[in-house]
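The next part holds the structures, each set out as structure tokens.
The two complexes that follow have subunit A in common; it is paired with subunit B in the first and with subunit C in the second.
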Partner chain A sequence: MSKADDNTVLQVNDLNVSFDTPDGRVDAVRGVNLHINRGECLGIVGESGSGKSQTFMTAMGLLANNGIATGDVLFHGKSILGMPVQQLNKIRGKYMTMIFQDPLTSLTPHMTVLDQMTEVLKLHTDVRGEDAARKSLEWLERVRISDAKQRLEQYPHELSGGMRQRVMIAMSMLCEPELLIADEPTTALDVTVQAEILDLMDELKKDSNTAIALITHDMGVVARMCDRIQVMKDGVYVEEGTADDIFYSPQHDYTKMLLDAMPRIDQPDKATNRKLKEYDEKGRDQEFLTVDDVRVEFDIKINEGWWPKRVPLKAVDGVTFTLRPGETLGIVGESGCGKSTLARAVLQLIPPTAGAVSWLGSPLSGLNRKELNKKRKDLQIVFQDPLASLDPRMTIADSIMEPLQTFRPDMSRKEMKAKVAKIMERVGLPQHMINRYPHELSGGQNQRVGIARAMIMEPKLVVCDEAVSALDVSIQAQIIELLMDLQEDFDLSLLFISHDLSVVREVSHRIMVLYLGRIVELADRHEIYKDPRHPYTKQLISAVPIPDPKLERSRKRIKLPGELPSPMDPTAKLRFMPSKIEANQLDYVPRLDEVKPGHYVAEHDELEKLIV
Partner chain B sequence: MFSFIVRRVGYAIPTLLILIIASFLLMYAAPGGPFTTERALPPEVLKNIEARYGLNDPLPVQIWNYIWNIVTNFDFGPSFKYRDRSVNDIISQGFPVTLTYGIWSFIFAVVVGLTLGIVAAIRHNTAMDYTAVGISISAQVLPNFVMAPILVLIFTLGLFRLTDGQYYLPGGGWNGGQIEYVIMPVIALSTSYMANIARLARSSMLEVLNSNFIRTAKAKGLSERKVILKHALKPALMPVISYLGPAFVGMATGSVVVDMYFSTGGMGQYFVNSAFNRDYSVMMGITILIGVLTITFNMIVDIVYAWLDPRIRLS
Partner chain C sequence: MIAKSEKMDALAENIVEQHAIKGRSLWQDAMARFVRNKAAVVSVVVLALITILSFVGPLFAPWDYETIDWGTMGNAATLGYPSIATGHYFGTDDLGRDIFARTLQGTQISLTVGFLGAAVAVVVGTLYGAISGYVGGTTDNIMMRIVDLLLSVPYMFVLILLLVVFGRSLQMLFVGIGLFAWMDMARIVRGQTLSIKNKEFIEAAIASGVGSFTIIMRHVVPNLLGVVIVYASLLVPSLILTESFISFLGLGVQEPLTSWGALINEGAKTMQYGVIWQLGFPLAFFIVGLFCFFFIGDGLRDALDPKDR
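So, the complex of A and B:
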């Protein structure tokens, strides 16, 4: 392990950070020590609330007003904790820069990319005017942003999330800092974009000898990027070591737990986690859920010329599939692929523009409100943000009870209460919480409430729309286990929507990959990961980092040019069939072929032709 | 932008028509008329007068004539109460006065309100914040009919006594808009607007200061002054701007209390009197003026919006 020496950029000794809150003092960081050397990537891993961000916020002087920090933060041996802001301003942004989790909101909305970048040069260097613009352009090109020159004049809202994060990185590299602090830099991004951003940061580390402090919750990202790792829990370091030490011989129980809880895309089921029961087709040929050529279009207003025009955006563009009783179908895809819209269209929460959904042999689309409400008893949904999807003014018991009041008005209040108590026990919520409000519960507990509410009518189908995405890995593992248990007990069918391919692999019997509203591949879960056929599926799978440093270093990634394009771009849907674009057949819809029994792949050009 | 303005003006015409028709109908729905007095006029006389003003035509004809006169001659009709004065006379006399007060009040309210609000937000939870919040709350709870006498007590009577009649502010009148005559009405008129602006500015600035891009700006090493002026100010102004449109119209069309108390000769008193007197034409004229001002200033607000935030496209 490296020692603190002349090469050390940042050193933190016995740092404590606490916050004065109306509920008393909260100790966020308790006695943390760390150092980062030039050209090194230090990973700081931990779940939410572990204090990993606050440690570096303190170093950057970005602590909230009610925060108090004690200890030592040394930048090249010079103490910067409690340094007057004017002096700190000469260091931060120049020698020490930071990029943040949410690229969508981290750039000033009313300033062009050029203005935001040259501002840094003007502040810290004597590069001005033309030279500053040239230097900004140079960095935008270095972070491989497409049409870099054009980007300079654009505002943040005109760029995608991935591009904004590239701008953030370019901006923080302008003065060639010695230390780049990256706080969950790829958490809000799609996997393919994440892979590109991580590669980029790795290059910067090697080319510019910049030290990187990478704060993340994702063990896969750490395995790909980091030389050394420090694991944090509740404001203290529980373990530190080289990447190999941490991954191959973890000492602390918490590290082991983190590694175990993390689903892996290269393993169907982890030895330590609950295994998915294989799907058994016997005696299950009844018609359950059939989705036939469903389309959902939204009208997008375009302000050009004298009158605004309305252009249809095809969010779901002809999707057909069936779901069998007791089966889980995983739906994966990147943002904007239409996965949530599809699920909502299936439940008729958004009426499909065309196509038919049939449920237990009778059509679900085209029903009036009253008839549909009767069917809703069997069709439930669990949402992504557990706190935001519960009514803050209702106790959790009332929230869970609400479906009973709608569908079973014949039940007495006492019977309802008994039933709520039973389901609460079933989803692992202790009885004493019955009168609590959502804000008094943790994220995992709230998601259990969401599941209890969905399960109380004993539905036959539950849609989980990114139901575990906002949760920490350890909690995520528990919720997944709960869903699998419930599935076995109630013979439940699940539509499991997620952007996380590793999680989907753990919970789904079959997996469907969506790209801009169309199915590109649909197959059995073992099949699709072992033998992916479509270039997009291959790219997605190869982009997911695996929490295994040796494997990560030797893996070859499939890179396709360009980022996820806009659904408004007519050529975007043919990204995997450039031959048809060349032939000017822009309306061509790739066929879905059954390459093996149950394995469907959309038509596409050869992978070799796609990689330019 | 040009097409935006043209389109908005296009929308303004039907809006104004609806405003005219609705006000006309409301006015006629109210009992009484301009010539109902305690001592009832002889029926023949009343009939003659009503015929002269066209009041016995069917309602649609009256509305049509009214609009036609405006469109062709820009004639808003004669006043029913002030003999020999047309609505055009009354407005062209009263509106410049009111507008002068209005512009000064607007400037005062914006400058003081924004400063208070922004300073309070930047120095959140300090003595400065509490003072600014205190000032704006007191300004808001004091209605102008309380403000006006207090101002006169202090600046007219109080100052007169203290300085032996050397320095004091005149307690009323217009006098061609001389500064001493304008100060007190302006303060009385603008304080509650100022307080609203301060409150809006404070809360939106606080929100912006907590946003992620401000954190980015600080991380760049920018000074606090630059962070606020270059990064925080524009987005923080958004909610304030949307309030400024109606606020300006409110100030520019005057207030009865201020007009009466300080005998300004402004338009606010005519408006209220016209409603009491059933002076149909004056009431309609001022209603249309307020309508035009409101439409214009809302359009200006939208243009300023697009300048403050590039995400907003004018449409």
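So, the complex of A and C:
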């Protein structure tokens, strides 16, 4: 275990942070000690509300007005806690910088990248004018932004999420700080982008000998990046040690639980105590849900010339699949690939522009609202944000009861209440919560309410739209387990949408990979991870961090050059077939071939060709 | 494996329990903030006293609002001064009618106009705005253009015209005020509805097969209540002001009924003849009443704005 010495950049001694709220005093951080040395990456792991961010916000002097901090924060042996803002400003931004989760909100929207970067230089150094511009460009190139020169003149909203985070990193590295605090830097990003940002931070650590404090909830990210790890729970460090210690011989129960509950892409059936039952085709009616060449287009206004033009944006561009009764189909893809739109088109919440959805042999598309509402009894959805999907002014029992009121008006209120009580028990909600409001419950409990509402009519199909993405890992594992139990009890079919490939692997029988509204690969859950064929699938799988430091650091990653093309770009669908673009066959639509029984892959060029 | 899983469940349960915050409802929260606002609480008390007085007071007054005290008639300046002995606590007007009884009667009318007008505006405006916003598209366009059109008509002019053409009556006054007061409400509600209708719980309700009108009544309107209450609390005094202005012009309520505005009008005409009580008492009620409404409105706005925690 390393000790604080001359090499130590930041040292925190017995830090306590508490907040005065209308509910009384809340102790967010209780007696925390830590130190970070040069060229070291310290990981702070914990679930939401554990106080991991507050520790560093306080160290940076960003404590909220109702907060009180005691203890000591030393930067190179000099106490900076409670230092006047003017003096503190000479240290923060120059010697210690911070990057946040959401790169859009942490960049000023009305300033170009160049302006924002030179402002930092103006404040902390005497680099001005041409020199400042040159230095900014240099750093943008170092963080490997494509067309760096052009980016300098752009505004934050013109950049993609990954590029924004790169700009943030470039900005925070401008003065070559000794400490970089990264608060969930990749949580809002797609896995492939996350992989690149993490690589970049790792390189910076090695090249500039910068100390990095990485705050995250993701054990995979920690395994990849960190030398030392502190596990935090309820404002206290429950365990600390080197990466190997924590991952291979965890001591504290909480650390063990975190590691256990984390799904791994290389090991199916890990996060939960039960295994997904293999799909059994016998005696099943095959006419269940058929989605045939569904397309969803949104009209986008483009201001070009005198009149705004309307251009269709193809959110879903010809997707065909079938779902069998009692089966789970996982839909994965990065943000903007149309997975949520596809799910809503299946449920007819967004009417598809073209194509047909048929349900138990009869078409769903083209029905009017009344006819559709009758079918909704069997078609339900569970949303990503458990709190937002519940009416804040209704008790949870009323929310759960709502489908009953719609479909079973013949039932008396008493019967409905009995049924609600039954389903609440089934999803693991205690009876005494019946009159609670959503904001009084935790995220996991609210998601149970959402599931109870979806399940009360005993539907045949439930769409889970990122249903576990907003939850902490331990809660996530429980919810996954609940979904699998319910599936067995009710012979439910699930469309499980997620950006997280390891979670999808836990729950799905078959997995479909979407890219810009098109299927690139569709196969059995084991098949797709063992034998991915499409370059995009390979890239996705290789980008997911595995919570195992040795394995994770020795893994080879597949990187495809370039950013995600805009779906408005007519050649976007040929992203993996540059040969057709070269041949000027711009209208070519890649076919979906069945390479093995049940394993479909979209046409593509060889991986080697794509990388060069 | 089993032992491990039990442990994990216990741990996980532990976490779930700790995350469950002992809750207060949104209303309790707002109530607590409202009570902390001293001016608003005092205003509620004062306004309640005024209201109670306006209904209970006439029972104890020796004179009623239309009976003429022939002894003081024409001699208001010398005989009609405020006095406990004569039973004219606030004095009399030039016709010898008791100002105390008339002020209370005027308070009743003014408060009724304010509350009833605001209630009509709230009901019509909320429904109109919620439907317009929720349905959206062409319907929204048409409904909102109608509001724009009506708002562009100078309403005071139309109100005066209505009262002149159809004669002065309390009913006409209600119709006239109600006709215009709901439009601002409708606009505000529509804006709020637009942001509510894109929330996931609305989508969840659609996915549960709930009909559009039920969604509006069950999910949209209750979530608008905060805004509606705040706006209504500011609408009441503005309606009282409108009524007072109309009465001040002499177009409001019909004699012998009166209102704050009508009383102030009469009092203002005679203030140079040494009968300042004819103006003073109604004016005091009017000012105190309006102040209370504005303080309450401010208090509610602060209390119901979740960003202000």
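Criterion: the second predicted complex is superposed on the first by the 608 of 612 C-alpha atoms of A that agree within 3 Å, B and C clash if a C-alpha of one lies under 4 Å from a C-alpha of the other, contacts with A are read in each partner's own complex, and residues count from 1 in each chain.
Going forward, contacts are C-beta pairs under 8 Å (C-beta built on N, C-alpha and C of every residue); 3 or more make two chains touch, one makes a residue touch a chain.
Bear in mind the structure is a predicted one, so any value in this text is a computation, not a measurement.
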item	value
Partner chain(s) touched by A:K414 [first = subunit B, second = subunit C, both, neither]	neither
Subunit B versus subunit C as contact partner of A:Q445, first or second or both or neither	second
Touch count on subunit A, higher of subunit B and subunit C	C
Which superposed partner A:R92 touches (first subunit B, second subunit C, both, neither)	first
Which of subunit B and subunit C A:I381 touches, first, second, both or neither	second
Touching partner for A:H124 - first (subunit B), second (subunit C), both, neither	first
Subunit B versus subunit C as contact partner of A:M111, first or second or both or neither	first
Complex contact set, residues of subunit A against subunit B	60-62, 65, 85-86, 88-94, 97-98, 100, 102, 105-111, 119-120, 123-124, 155, 157, 168, 171, 301, 303, 305-308
Subunit A partner contacts - residues on subunit B that touch it in the complex	3, 7, 124-125, 211-213, 215-224, 230-231, 234-235, 308-311, 313-315
Residue numbers on subunit C that touch subunit A, as the complex places them	1, 4-5, 7-9, 11-12, 15-16, 18-26, 29, 32, 199-201, 203-211, 214, 218-219, 222-223, 225, 309
In the complex, subunit A residues that touch subunit C	22-23, 47, 49, 234, 253-254, 257, 260-261, 273, 347, 349, 372-374, 376-377, 379-381, 383-385, 388-394, 399, 402-403, 406-407, 436-437, 439-445, 450, 453, 472, 474-475, 477-478
